[in-house]
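Chain lettering (A, B, C and D) follows the sequence in which the chains are written, and residue indices restart at 1 in each chain.
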């Protein structure tokens, strides 16, 4: 077969900082961009790059993820010989303990990785929204004869524990370290997406695991810097790392910029998601909508400004929604006002409610809540 | 091969010449409708929602679009191991081969296909109507009446009845007479072109009809009258609800506009009877800072910054600042540039309406029952000072 | 529509008249082979195993069987949302429509289909060969050589070379001459009828060829020689391994017998390169108390109580006590009654060989390269004292 | 929609008595008949009767079942609006306890049952091999105006805790009770497959659950007998109840009778199973095979008598297999003899081994064992 890459995805990772948004789900299944879940970007990028063997390692709350993925049919990944394998926690871990870090996580599925015929592995978190052509990344990886290619982009540090890269003129990495404090300055920031030759990944993980190490970045990559074979592949165009409520809100709102949407969605490499057979959105005569991203299936009779509406949201007459994110099946009833809010799936805001957060502190309303 | 109680055969063959430039390169059933659908989505969804999972799509005209659109049938849940959706074009038997001569001949040529499933009943559908119908109820009626043929009918106003095939029935629904477009209609029960036949019976008449060289091999002209003459048990099944033939520009436009009318019977949002469509994988649409939206249906992938009023906007449409779209249908991947004014128009997919171009004209009511809709063909690019008048059609290139 | 690097086009059109009664109602690619397969399973499986998931199947002859056999493509993992397997019969464009005139014309008529996937390369295949081949390696070679066209060739014995299209090449594989069935062959590199073209280049030649009214619109006769004359970069890709054209009764029989030969290169059991087939949902076969089995391939659903020697027994076959089957191919759902003797024969699907009927005769070696195989057509029922001689064929009814 | 029946299947139930055969699997996924798992009979019967909404309740070891079912595609059950729903243990049970009996099990999925549009429910265990047309059963159920139709067959009691039926001439049940002791006499035995109107099932289960009852048969059906609306539908033709190693072996061996196979497999209602794309079986020149059922993908060069070989079994030269069941991927090496044995999947019998059980006490060799 002609396929050269497989992939290992980590469905979990930032649940603690995403608070209410990930009570019932993994980071991978966090709704984003009006009709997607974060995992859609990873899956679509892989499929668009002809990578069809994808192992997803979950830690907890994976049932919403399983429900979303459904054997991968919406990504054309329901394959006989490859396709998606979801690894629930415990399955390979006889001590009945959830894995402690990526090294242990990969170690539990080493058998699956070794048995796969592909030579290269894309290792990725599921909290990235970007449009990535891994065929090009692999071509560069091979051309540079790198041990590990680390995908990165130039951006400000808007959250803690970002991995900062320093590279030389040839693109090889000279330094890697965590940065805890936000900055107003641009840095080269790792997206925690890697391409590695499979045999090397297995060697790294077996070595590290036998020494009791757990952190893939700190215990493997940071140490490998000195060998000089880590290559920094800088992604042009929009890329979002979502790791807390603040970044979730800020990166969502960036999608209101046309240029950002074009970089993320346009061109040949489409982003796929679970098909829900919604009807197109219906706008009534009394609606007033500006600067908003609106998914299918909504019925809008009120005012919507600077907001993102997911599928099947209902905005009733006289309701006003500003600078907010309303997830699937949300309802804002007559004469209510919502500002700087993130309402999770199936939240109902009853009549005459006034709810407002603040730009840097958007209020989160949890799933199925009636306010 | 598992037996199927009922197999559906969808007559999707027509070129739909009355739709002009819109069907120049696309079969009518593949025509976009309602923001994200194709016309055939309604019939396919009705079929699977009625519990019938085997459907032959008979086509001989421009099958590519339809073939690729239906694909493995998955969007309609028709990706079945046994059964599913099959495109059935004419084929070459041993030495000879022939195109479908008429609707009955199309079924005749596919007798072998139907026979593989050994069905008791065959449901004959056409692919150019917009409606939601539970065929399983019609089948229950067919069985209850022990009918040989059941024809779905809809009540039409008496003044319009002479435009339809009219069924004259006894009180119990048994048809004693069929009149094609009668000058003086005796009833208002118009045929919807939906038939259920007991398969063994239909097969007999198809074979007889094929041997008759004077026959036009048509259901309405030959098979149905022939069976009536022979005294077969033929019943009219009364359907009530939204039903619209979209065979003309005016009716296609009207059916789209009906979706905007809260009083209309056609409720697409009903989750008990979903209409499925192939998904376009587009992001949500964006409504810009300058946009004014007043009663519209807008599908995914659009960038709307103009003024939209009482219109249906399909997937991937861009309407620039200052453009005005009123009472119109804007098909997929179209670009309406600033200053353009569209009114009572259909803009074909992939067209570009340049700055300040005017398409169509305001209208209060139809003339002789027909709205004067301006049509811009698929892929056409118009530049100012171009002006397309009411009812005018500008030609499609591929 | 997602772009595809390479689209495969499978020429499945031939009636296969040399297979006589076996292809009277079934296209050759749908012919049963090897106990549970159809001939086309090999090409379909090679295609998906090579990482190519979009395949157009060009057919105009008896497409029902093929259409229903391929269905939604699921058995071959070709039930893709984007891509998959498509049956492409000739279709009616606007007013005219025509059958495929030749292999090149068949692709010409489907240029629009290919263009939808914007491929860089097109792989042209035929559906009547038994072999296992990784087309992705051939594609790699095509890219490495920066070829316009790459033709797969296989080394044949020099004495047989004049039966093939022979490629004469430079040391690096570049073809400088192509000779169709040369009397005095200059090389032993025979074309396998498998081509990779850079699509833009092929499209140009297909359009030119269509304009030439003297052309037979055939790849071997027109397109390949034309490209050679024009000095395009054409390379021969050498394949080694099992490859067999099963276009005649004798070669079909031989290819089945090869499966019983442990020395043969055709290893179906190799799990790295599975051959897929549509599953018959039959229980395991049963070997009875009186049975003697000596070197055989037996598929599911059978009840075997006779004597089987060096034979291939397909799905759902019953061989009664006392019947003898030697050196033969017994296709699906056949019944061999007690006392019947079958030797060097092919029994078509659904046939019944009555008590004590004799079909075929023992043979030591082929005559002029052809085995004298007796053939009983599909569905034929024979009763004693019927005797079918070596090489005789008894007609199929449907 | 025209579909009238849905189904609830219990994947587990007899694991304790099936010993080694169900260490790693539910009863539902026990291999049977050369290429099937027991659940295949239930699923195929349902699909053949146009029943496509099927909830499967599992108790433990359900991963082999999930792997076998794969969203139901081999039964054409990967439907958008219906299809298979597998309910793992714990999902709806907040006390984190496995359900105690069928009543509690059904209670945990009552929501799923209530939301389904079908009016009738087929409730079934997964340890039955039979070919059943539920359309006919429902027609009789409606005609008789029964509350519950109990499927049964006439057979000897060959295992403990069979439910014995006594009925009147009209077919209604007069007595139902457990019978613990095997007998040589024929009885009317319940197959523990029922058709019930959905509303009535819900009522039964809600009532019983609120009283703390757990046993569907004892606590509901036995008590309903007195109302006289339980109808006994007697199945003609072969039906097997597999509930211990002895019945497993005996019922398997019955498949060597042509009449039994015809009743189970022939006709329009096919039995489907997971497709494995095996090649047909190859018989060598030195083989000697009689009275055996042989699945695809085997390579046979030795002697096989009165046995059942599952897919991809290898019998080497000089090996002898008699009165045995060899499950998938089994290998019997040169000059070994196996008699009255059941070898689980992927068992290897090395050269020159002599292994023999006894007709009434077949020896079981567990999965992956090399002997």
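Operating definition for what follows: contacts are C-beta pairs under 8 Å (C-beta built on N, C-alpha and C of every residue); 3 or more make two chains touch, one makes a residue touch a chain.
Since the model is a prediction, treat every value here as computed from it, not as a measurement.
Interface comparison, A-C versus A-D: the higher number of contacting C-beta pairs is recorded for A-C. Each chain's centre was taken as the mean of its CA atoms, and the one lying most distant from chain C is A.
Centre-to-centre, using mean CA coordinates, chain A is 41 Å away from chain B.
Distance from the chain A centre to the chain C centre is 47 Å, each centre being the mean of its Cα atoms.
Distance from the chain A centre to the chain D centre is 43 Å, each centre being the mean of its Cα atoms. In chain D, the positions touching at least two other chains are 73-74, 78, 270. Annotation for chain C: residues touching 2 or more other chains are 74, 79-81, 276.
Per the touch definition, chain C reaches chain A in the complex via residues 2-3, 49-51, 77, 79-83, 134, 136, 139-140, 276. Listing the residues of chain C that touch chain D in their complex gives 34-36, 74-75, 260, 268-269, 274-277, 279, 281-291, 293-300, 303, 308. Of all residues in chain A, only 33-35, 73-74, 256, 258, 261, 264-265, 270-273, 275, 277, 279-285, 287-297, 299, 304, 308-309 touch chain B in the complex they form. The residues of chain A lying in touch with chain D in their complex are 63, 70-71, 73, 78, 91. Within the complex, the chain D residues that touch chain B are 1-3, 48, 50, 73-74, 76, 78-81, 268, 270.
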